[in-house]
Structure formats: structure tokens, C-alpha cells
Amino acid sequence: MSIKAKLTNWSNSAKRYLDNTFVFTLIAIFIGLITGAIILAFAGFNPFESYWAMAVGIFSKPKYIIYTIIKATPIIITGYSVAFAFRTGLFNIGAEGQFIVGGIVAALAGYFLHLPPVIHAMVAFALAVGAAAAWGAAAGYLKARFGVHEVISTIMLNWIALYLSNYLVMSPAVKRAESEATHKILATARIDLFGVWKVSEQGMAWRMENRFFHDLLKPDINIGIIVAILLGVMIFLILKKTTLGYELRAVGFNKDAAENGGINVNRSFMSSMAIAGGLAGAAGALQVLGVSLECVNLSNMEGYGFDGIAVALIGGNTPAGCFLSGLLFGALKYGGGKLQSMMGAPREIISIVIGTILFFTAMPKLIRYFTSRINQKREEK
Amino acid sequence: MLSDIGFILGTTLMYATPLIYAALGAAISENSGVVNLGLEGMMYMGAFIGATVGYYLGNPWIAFLAAGAVGALVACLHGIACISFNADHVVSGIAINFFSIGFALFLCRIFFDGATMSLSLNFDQKMPRPFNGAFEPNSFGDLVFNQYATVYLAFILVLIVWYLLYKTRIGLRIRSVGEHPKAADTLGINVSRVRYLAVILSGVFAGFGGAAMSIAIVSRFSPTLISGHGFIAIAAMIFGKWKPQGAMLACLLFGSAKGFEIFLGASGLEIDLGIFKIGMSSQILAMLPYAVTLVVLVGFVGKAVAPSAVGLQYEKEA
Amino acid sequence: GKKEKQDPDSTSQSGVMKVGMVSDLGGVMDQSFNESAWEGLLRAQNELGIKIGYLESNNNSDYGPNLESLTDAGNSLIWSIGFMMGDAALEAAKANPEQKYGIVDMAYGNNTPPNLISVLFKSEQASFLVGYIAGRMTKTNKVGFIGGIKGFIIDSFDYGFHAGVNYANADVKILRQYVESFSDAAKGKSIANQMYQQGADIVFHASGPVGDGVIEAAKEKSKWAIGVDKDQNSLAPDNVLTSAIKRVDNAIFNIVSDLQKGKFAGGATVVYGLKEGGVDIAPSSDKHVPKEILSEVAELKTKIIRKEIVIPYNAKTYEKFYIAKQ
Amino acid sequence: MKHIDLSKKVVEMIGVTKKFGDLTANDAIGLTVHQGEIHALLGENGAGKSTLMNVLYGIYTPTKGQIRINGSPVEISSPSVAISQGIGMVHQHFMLVKPFTVTENIILGKETAGCFGKINMNQAAKDVSKISEKYGLQVDPLAKVQDITVGMEQRVEILKALYRGAQTLILDEPTAVLTPQEIKDLTRIIKNLTAEGKSIILITHKLKEIKESADYCTIIRRGKHIGTVQVDQVDEQQLASMMVGRTVNFKVDKQNGAKGGPVLEISGLHVKDNRGLPALKGLDLCVRAGEIIGVAGVDGNGQSELIEAVTGLRPIESGSVSIQGKQINNLTPRQIHGRRVSTIPEDRQLRGMISEFSIAENMILENYYKPPFSKKGFSQTAPIKENAQTLIQRFDVRPDDPDYRAGALSGGNQQKMIIARQIANNPDLLIAAQPTRGLDVGAIEYVHKALMAQRNEGKAVLLISLELDEIINLSDTIAIIYEGRIIGLLQNGDADEKKIGLMMAGHVN
């Protein structure tokens, strides 16, 4: 699991990025969809109809697109988290736990603090990000101080975060009666748009008259995706334009040389894991402040962090790549539901498709081999 | 008292077993230089195939072998990607997890009439327990040693893998391609062949690990049966410093922490420290195995060094 | 299978009624109450000739979009299965006043919108009965309860069972432990093992798939386990003594059938207890439970139905029940 | 030349061409080696010597050309084929598995195994001892390779080839890392081998060695065959100019500058090595402004630890290190840079540069956070680029593109880049560790001039090198390090190779 190895791989792919990676990824997506089609056909579903149902289910109404975006937002950001750590030589399997920490802190701050609107949301967000950053930095600290591999520590911290969150959710002061969730956050902390108004009597009355907007308002529209864009720009700037980014990348690529050059490698591990943790925490906070408005007692990992790994890897560990692959991911997941409701096809197809896409993005060499064969054939003709 | 210890030891063994299989797989694969994050998916497939073959054929050993075989098949994909086509090991491994988890559930629906759980094996079609009846029920010996054959097999396999890696020709070659593939290549060793062998073996072991769950610990497959075991096994392998025996100890540590957790969970949910009592909620207890692992790592385990070429693709000619 | 295939636009044209359901995280075929709900729909499909369909949820954020998808698909009634979906169902009902919804295991009291019907099951009643059986049948005077994750739904099983055991025999000690998981079957098995080792001979679980492990332990140690939600005897015919079952299928079928006849008790909370055939002990109980105990159980049922005994469902009501009994 | 049997051509390479993409590394090269011959291969860095040998050893498949072994054409498709054809190769970068023992490294791929594939390690170790005695190549069969000296590593490499029955042995720059004694041993071993009828292909940049041991020399320039000469008919100057295509100046101008006060003072320094064993045991050393102190010694006597202790990379147990009179014990590397100390590290790719970074980014490795390269935490692209352009011009780094990836530079240019950065820091003390390792004469000439210029500007220079010639040529004072102590100081005038060599082996007087 040598990170240096990963980085070398990454830098190799970075070299290719401009000319080919995007194309390769598109080809991989194509192969993924074909694989899905074959399996659908094998199981007795018409693949064309199935994909058509999916496409209709994703694109045919504006609200579907909004659902897709809402679904994509958290995994875009956990994707950033994983990608950022990768770029600085660390493998953050812990986005899952950092997401949970961000979520629960946002839920607590959103309910217990009493602040004016906007400020409340910002404070809750900041606290959540701070807590998750500390959670991430803990893994960085263990690596720096004790040489504990971040893969182990982040896996362990994921489970600890899960149970800690459940403990908090179920503690008497926090738990909402007749539920297994925290109290709903206060309206002042919410970052969804028209969330309160749209279900008020007034709002409902207006909606009944404006059917188009009525439909449009059904999803939990929130500012998450805008924050995601801002965070993406921020990561890009940190990595490419700042001194901190220089430092973190240097450590990521060659920590011995960085150390020799005077960079504090241990501090760098911690900063990098703190930023990665903060990002995942931001995803959790946005989910709570904008969509769920509460934290529930989790019986298992929800998979935001693990999906983030796939998003980061398909996205070539760049912010823009994560953004696009996160959207794709969100669309597939949302569309997968449509596949089930419209066609009765099992939604596991989507995992298979995502796995296949990822599998083939890992193998530019194979794709290059195929494309060159095709070109050859063409030339022969 | 003795029976409490017996219970904790028995639970330790039960918990550690599937992890030991997968951790052995991780150790073999990484010693050959290939990172295998796909273990989770391979265990998943193994658990499903084990339960399914067991259900339809009624023979636990065939089921167990079939689980190993399907693990090998999935591992082949990982091998093709990482060894033949220079894929990034991490990406391929994560891809395999998505793929196999989806595929196992998909197949399960086909074989079990739309359900994502298989049907239960008959009790007498599960793995045998070689020492069943050899001890008084509930005696110390019974609690510790009345385990499924998969438990004993896991420990035998630790020994075999240790022997294989450190005493035999193929082991020397596996480790050499993990440390310095080019050196091995210049000595006429077929790096790809050795790595394929190691990766496929790791898949076999992961498959066994899955089946050890679905045809021994319980008797059917369900979608949450394997949840994070593969990753914990990888952590255990790193914890064990890339050695099979070390990985085994790490798994046992983890298992015993689980045993303690359950034991403490029964004893009234309160720890009396004389001066004051700490209420131990079951959520706090549930953190125990993970926290213990971290504490032990920090306190007792020095820095470990991975095989130098782990995660690197080897291309014969640039 | 293909039979669930749906055509989104068919309702209005063919006039065939469509009913859909959204499962919670366990999935439709969870061999538990999601599946039971689906069986109710299947029965409605066969007997009433309606069209049915489902959507599964992978995590908590799926509920809302899934309900919306089914709403767009032109269903006459959409079921949400499980209290986890409580908020999502309420929100959907408010946003779509013309669409009818139903939810299982969740009540909103006076706030129930007129287009939403909620169904509660008195799990504590069934738990009480299996508790009674356990209390009567234990030879060691020790029985166990294993819960998945603590919460108000599992509480009703927990306290109902406690009350039942206690009612049968106040000397029986009850071991209780929570798994903190609905998936870690190995942990369920270890906990059951420990309970059996400490002398319990009957263990009741309310823990979803974790119960696989509990039943496994019973098999290995040749002890009794009591199943939950559905008749779990088939998992271990010689070791599952009885099961506290929840007839979600009946509730769903009845309400769909009413709807077809034009009746829909929207805005109300329908309670399914013993009386309504909503909860019960498993039919297979007669395999292992002696006749006389079963007849005592039958008597108890009448008493419960007549409200001569009111079964507790949480710590507070349990305390009262306890006091009342003294 | 007495062993050469001109009638037996053991290796013939005919018109061998090897292309890497667009780059032609070997362009129709011919090479003939007879039995019992030592054939030198000479060429600048990147001339294509290693490539040609890798083709012969089956690591690369040639784009064009033919290879004949003992007169019959063979297609060497893999190292196994080469091995079976009696070819052995000691690679420029050793191909040793560090955590393995000497024996394991030697038998790897040709293990004899008993039942269940078990290797009988004791037997194998005995076999290894046997052949090591036979050829006079001393090794400890049970030592781990990570614990042995470079000299022994080399012997292990040669044994690996002999164990496989090599008739023709390729040695790719075998002396680059050896001490004079070890080089002498190696020369003796090579001669022994030819006496047994084996042939040697020797790649080296050291003309003196070619003169001393080789029979023939083939010169390659930019992938092209320039010529093959009989070594005893040419002199070093001729060889050098054939190699680079111009005349080369070996001597460095040493002006008699004025020595200043002490810049680096080390007294009683104790430091542990990676395994926690004492590496420096009370080392004393003083470097003054305007002088070059050369530390000579056999590899593994504490040189690496000395550099690391002075640069803040390794904790100091006791003793003191001072710069300009102020103690710098256990300061961080950055604080030590702040005291105007610059280092050309021993292993340039490991510690000196970040391969994935551009030249420009590498040029600011110590100063990236200072203005003008950083303002308010933001990197300033223009000054960074400008800085790189200036240094590229001044130190003749090729190609002159600041955005070029550093890892893609040739070894010599990588070294120039690092030296440029360190000298640009304008240090009071410059530590140069193995500054010319693996460089060709042209590049060496350049580095030596740069070091001398520092001295002449009144800076203190601490030179640590395994190249005795380099030490003798450059140093004002030579300090001999042995087992973690400086056991003697020789003024440049009274230092000769023999005297130093003896002291390096621990003989004082």
C-alpha cells in the first residue's frame, strides 16, 4: 500500500491527463454501461428499455436533475477529501467516519445553539468541519508520532465515529422522542432553500397554483452544490497556488527530499489529514443542514466515504474530475432506483456498472490497446 | 470465572477466523507486491457462493472449495488489471469491491427467488465441528475448542503460508518480486507468473474467509454478513507487519477485544471503579475492539516496513 | 423476476389500480417485515388483480426521492415501510395532497394528513405471548432477550417480552443485551452463546439479520430461540420454539382491499394488535409448545383483546405494569 | 593479453539498434568479445552503454540487429535465455533484494528445493561459500544484504552471475561506488576470471581503470559506435576526446585563497545509525572559510550519519556541532538552512529532488515559503519561473525549460539542478556528498569547477566522497574517517593514494 507507489502511478496518469485521461474515462464509462446491459439482458430485461427508463428517470424532469445533484453533492465532496489526501501521499479510507463526525456535530450545533439565521448555519458548518478536521488530523498525528499506517487508523476511526455518533444520537438530551434520531435542527441553521416556506400553508397554497414550481420544490433544494463548487476551487488553489500546497505535494511525492528541504513532514501529514477530514466533515454537515436536518441512529456505514474513494479515483484525483465523476455517480445511483421502479430490475446493476467503470479507468493500457487495434483495422481497410 | 475466560477465548476464535483467512490472502498478495483492496469483495463473493453451493449441494467442503474458487476467479480479474495491464492496484481493488458486491446480490436474487439472502443450510450440512461432544457441554474445553473445522483450518493455513513464504522456493520468489521485481526478472523469474499465483492465492483465501462466515458462523448469506471484514483484515495484515503470523496475532487481538466487549456487555453495563461507577453503554462498548487496536498499535507495535515494491506496477520494458 | 414489471402510464388507461412500496434499508426480501409487506401486496395482486411495484432504499437519503419516483409512476397508494421513513412519508404526503400514502410502524397522532394512513403494530402483545411461553417453558429459570439497536420499536419487543416472562413466572431471571447492530450476526451469536452458557435456555431476539446468529447458537447448543417478525421456524425447525410475528401483510392487504372498494381511512392511525390479526405467535408454535401452554396463551389473548391486560411497550409503561401486577 | 583466444568470439553484437519511442538509444552498434578478454565500454552519460548491455542480457529486445554467442545466432528474449547462454550481468544499480540474505540473493531463481519445495538454506550457504572461496570473492553467506557494505554487495552480484555458470560477465560501472582497495580487489578478481577463460565486458567512466585492466575498448557516443581500440595503443587523453568529441581538462585550478575562520566545528559527536547502534563515536572536525575539507573513507564508516547529523536529519546523542560559533545541535533542517548551510545530498533522487516536480519547483525546495516565491501564503508563479531560468542559464541545465519534469532529466542534469539550487542559496558552508557519483567526465569537470569556485569565494566546503581522485584533486585538507571517528588529517601536499588507502583501512602511521 505504498503511497509513493500510488503517487508515481498518479503522476504517470497526470502526465497523460490532458491528452487522454478524459477520453479513457469516457471509454470506461461506455464499457461499464455495456457490461450492465449484458447482465441486464442475461437476467431477462431489455437493456435498451432499461437504460431508456433510467435516462428518462434522470433527465425527463427538472426535479429529477435536482434529485441527482442532491444525491451527488456529498459524494463529490467526500471524493475531494480522498483525492486531496491522495495528492499529498496519504490514503484516506476514513472519509466515512469524518463524514459521520461532521454530520453529528452539525446536528448538535444546529439544534442546541441559538443564533440568527445564516450565522447559525455558518457556525454549525464551521464547528462540524473543525471537528471532522480534528478527527482526520488524529490519524495524521498517529502516523506522524507513532508511525501508525493511516489505512489502519482511519478504518478503526470510522467504526469509532459510527458508535460515537450513535451514542450521542441516542443519549436522552439529544434524542427526539418517538424516533431514533436527533432533534431536527433549528430553522436558523438550515441551508435549504424555501425549506420552511414550501411546506407552510401559504407555501402549499402557492404551490398548488404553480404546478411547475410545485414539482420543482419537492426535492430538498439546498446550497450544498454551490459549496461543493467553492470547495473544489479552494482545493485546486491550495494544491496549485499556495505554499501549503507546495509543501503537501512535496511530502506526498517524496517525503525524504521534502524533509531534507526543511519541510516538517509530520506536520504536513497532520495538515493534510486535517484538510481531508474537514472536507469529508463538510459533506456530512451539508447533508445534515441541507437535506436530512437530523442525524439518525445508524445500523451500518452509509457508504458516503467509500463512494468518495471511487469518485476520487474515477475523477483522477483532481477537483474537476471529482465533480464530474460525482455527478455521474449520483446520476447512476438515482437512476438505479428508476430502473427498479420502472423495470423491476435489481438496483445492484448500478454497483456492477460503477465497478466496471472504475475497473477500466484503472487500465488505460488496456483501453489504449483496444483503441490502437481499432485504428489499425481502420487503416487496413 | 474459568468459563468466562473460555467464553472470551471461544468468541475470539470465532471472530478471528474469517479475518485470518482474508489477512493471509492480503499477506501473500502484498508480499508479491500487489495491493489487494478487493478482499472485501472477494469475501463477499465467497460468502455468497459458499452459502449457495452449500444450500444446493449440501456438502460443506464442496461449498468451501467453491468459495475459494470464486475468490480465485475474482482475484484473476485483479491480476489481469494489475499485472497484465498495469492498472493502479488501489483503483482495481476498489472497483472489484463495487463489482463483486453488486454481482453477488444480483446472483442471489436469481438463485433465491428475488431475495438478497440465501436460504439456510441444514444444520448437518454445515461445516463439521471436529471436537463436538468431546467435552462436557459448557465446560472450558467445550467453549474454547468446540469450533468449526474452518477455525482449525485457518490456523493450519497460517502455518502453511508461513512455511510457503519463508521456507520454500516459491515463497522466496514471491517475496523477491514484492521487494525487487527487476532483480527477480534479471534472474529469469517470471514476475507476472509469480504475482498471478500470489494474487490468485489471496483470492482463494478471501473466498474461504467469506465462506467461513456463511457456512460456519451462520448458515446463510445475507447482504450485511460481510461488512468491512476485508478492510479490517488488511489493517490486521499491516498491523502484523506483512507477516502471516503477525496478521494472525492482530486478528486474534481484534477477536479477543470483541469477546471482551460482549462479555462486559452482559455484566450489567456498569463498571464499578470503587469511587464511582461508569455506565458502559453498549455503543461505547462497541468501540472497544477498534480503540484497542489503535492503542496497541500506538503502544506496542513499532513502525513496519512494507515490501518495497508494493503497489508498483512492473513493466518489463519501458 | 419479470412479473413486477410496471408500465408507468397504464393506470389511467386500463383502469387497473397500482400500489407501490418503498422498503427501508433491509431491502424488500429481508425475510422480515419488508418482505411481509411485499407478501401483502403480492396477495393483493393475486386476489384483487391490482398492479404492484417496489423500490428499495440504500441509505436514509433515498427515502424522499424513492417516494417521489413512485408518486410520479401513478400509484394509487404508496407504502412506506418502517418508522425510519416517518419524516419522508409525512413530507411526501403534505407535498402531494392528491396522492394517497400509507406508513407502517409510525404514528403522527392528530398531525396525520388526510391522505396518509399510518399503521401501528402492537409488537409488545406478541412479545408478551412469546415471553409467557418462555417463562412457562424455561427449565433453568433463566431466559434471554437480544435486541438489535436500542430504540422505541425494539423497546416494545423488549418490555413486552419482559412482561410476559414475568407474568408467567416472576422467578425467572431475564438476561438482556443489545448488539448495537442489525447486521453483525457473529456478535448476535456470541451474545446468545454467552446467555446459554450463563444458564439461559430460551433466547428471544428482536434484531433483524443478527438473529441468524442467535438461532445458529441455539442450534449449536441445542437450546431454544424465539424468532421475530415472521415465522422463523424454518431457519431451525428443532430449535425455534415460537416467533413473535407481525402480520404486516394482513394490514397492507386489508387497506389495499378497502381502497379498491373506495374506502380509505386517511388521517387516521390504524392499530393492528392481536384483535385485528396484526400480531400473533407463529402458527408453527404447536410443534414444540405443549398444548396446555398454548391454551393458556389463547386465554391470555382474549384477556389482552378485552383489555384486561394492557401490555407495556417501554420503560415507563413497564414500570406501571409491574406495579399493577403486584 | 595472454589469455585472449582470438579464435573464439564469445559475443558478437551486429548492427544492434534499440529505440525507445522516438529516441534511438543504440544506433547500429557492433561489439565483439573474445574469450578471455576484458572489453571496456566507454561513453558519456546517456550514451547508451547500459541499454546495449541490457539488450545483450535479454532485458530489452533490440529493434534491429543480431546477436551471436559462440558463433551461432541466438534470440535473447529474456534474462533466462541470456543466463542459459552463459551471460551474467552486474547491473549499474544493483539488483539485490535488500531484506534477503546473501545466499538467498545468490540462489534466487536457481534454488534447489527438496520435498514441499523446501529450500535447504544451510546447504545453499555452503555452496555459496564454496564458490566464493573458489573465486576469492569474500562474502558472509548469512548476512542480510541491507547490512553489508557496497563492496560486498558487488561481490554478491558477481557471485550471482558465477553461480549461474556465467562465461561472459558484464560489469556496468562496477567501481563507481568502491574504495581504492576494493577497486584493486575487483581488478584482481577480474583478472583471475579471465585467467579461467571467462570474458568480461566492463563499463566505466574511469579512464585510468580502462588503461589498467582492459584489453579492448569500444567507444559509444550518443548511441553511435565511434570505434574500438586496443587499449595499450591509446592514452587517457585520446580516450576522453573520443568519448566526448572534444578535449577534456582534468585538472582543476586551485588558487591559493586565504583561509578564514572556522565555519563548521564538530566536537565529540556521537550519533546512532538506523538500527540504533553507534555510528559516530566522538567525531571531531573543523572546516574553515575558504577551504575544502575532503572526508575520505570506506563506505559505511559513518559518512552518511555525519551528513545527516549536521543537516538536522538525525538526532545527536552527544557532542556539539556549531556553525559560525553557534551550536546547531538538533535544530530542524529548516533552521540549519537558516544558518546558511547547504547540502548536496548523497542520494540525489531520494533526498535531493522531487522527480514529479518541474525544474522550477525543484529550484525552490528550501525557499518556497519565502518572498518573492510566496506572498501571503500564495505561490508566485512569475518569480519562481524567473529564478529557475536564471539558474538554468548559470548552471547549464539541459533542457532549459523550467517546466520540464525533473525526473525526466539525465542524472548529470539532475545533479546540476541540485547544485544550482544549493549554490544559489549562497551558503557559508556547502556540504557536498558524493557530488559526482555516476556522472560522466564532462559533468564531473563541471561539478568540480563549481565546488572550487565556492572555495575561492571564501566559502567553507565539506566534501564527502568515495572517489579518492576527487578528494585528492579538490581538497585542501583530507580527513580520513574510520569507524565513526576522524583518525587523521593530511594536508593536500603530503597525501598520496597509498597513504590514504592505508589509513582508510584503519592503519594510522
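Chains: A, B, C and D, in written order; residue numbering restarts at 1 for each.
Definition applied: a residue touches a chain if its C-beta (ideal position, glycine included) is under 8 Å from a C-beta of that chain, and two chains touch if they have at least 3 such contacts.
Computed from a predicted structure; not experimentally measured.
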item	value
Separation of chain D from chain C in steps, with touching chains one step apart	2
Top chain pair, ranked by number of contacting C-beta pairs	A-B
Distance from chain C to chain B - Cα centre to Cα centre, in angstrom	34
Centroid spacing, where centroids are CA-atom means, of chain A and chain D in whole angstrom	47
Between chain B and chain A, distance of the C-alpha-averaged centres to the nearest whole Å	28
Contacts with 2+ other chains: residues of chain C	1, 150, 180-183
Of all residues in chain D, the ones touching two or more other chains	none
Multi-chain contact sites of chain B, meaning residues that touch two or more partners	109, 224, 227, 283, 286, 308
All chain pairs that touch each other	A-B, A-C, A-D, B-C, B-D
Chain B-touching residues of chain C, taken from the complex the two chains share	1, 27-31, 35, 150, 175, 177-187, 189-191, 193-198, 209, 212-213, 216, 219-221, 234-236
Touch list for chain B against partner chain A, complex	30, 35, 77, 81, 85-92, 94-103, 105-106, 109-110, 224, 227-228, 231-232, 234-235, 238-239, 281, 283-284, 286-287, 289-291, 293-294, 297-298, 302-304, 306, 308-313
Chain C - residues contacting chain A, complex	1-6, 8, 20, 25, 53-56, 58-62, 64-66, 68-70, 72-73, 83-84, 86-87, 91, 94-95, 97, 107, 148-153, 180-183
Footprint of chain C on chain A - complex, ascending	44-45, 57, 61, 63, 67, 70-71, 163, 166, 170, 178-180, 198-199, 204, 207-208, 214, 217-220, 287, 291-292, 294, 296-297, 299-300, 302-303, 333-334, 337-338, 340-344, 347
Of chain D, residues touching chain A in the complex	311, 313, 332-334, 337, 343, 345, 350-357, 361, 365-366, 368-369, 374, 377-379, 405
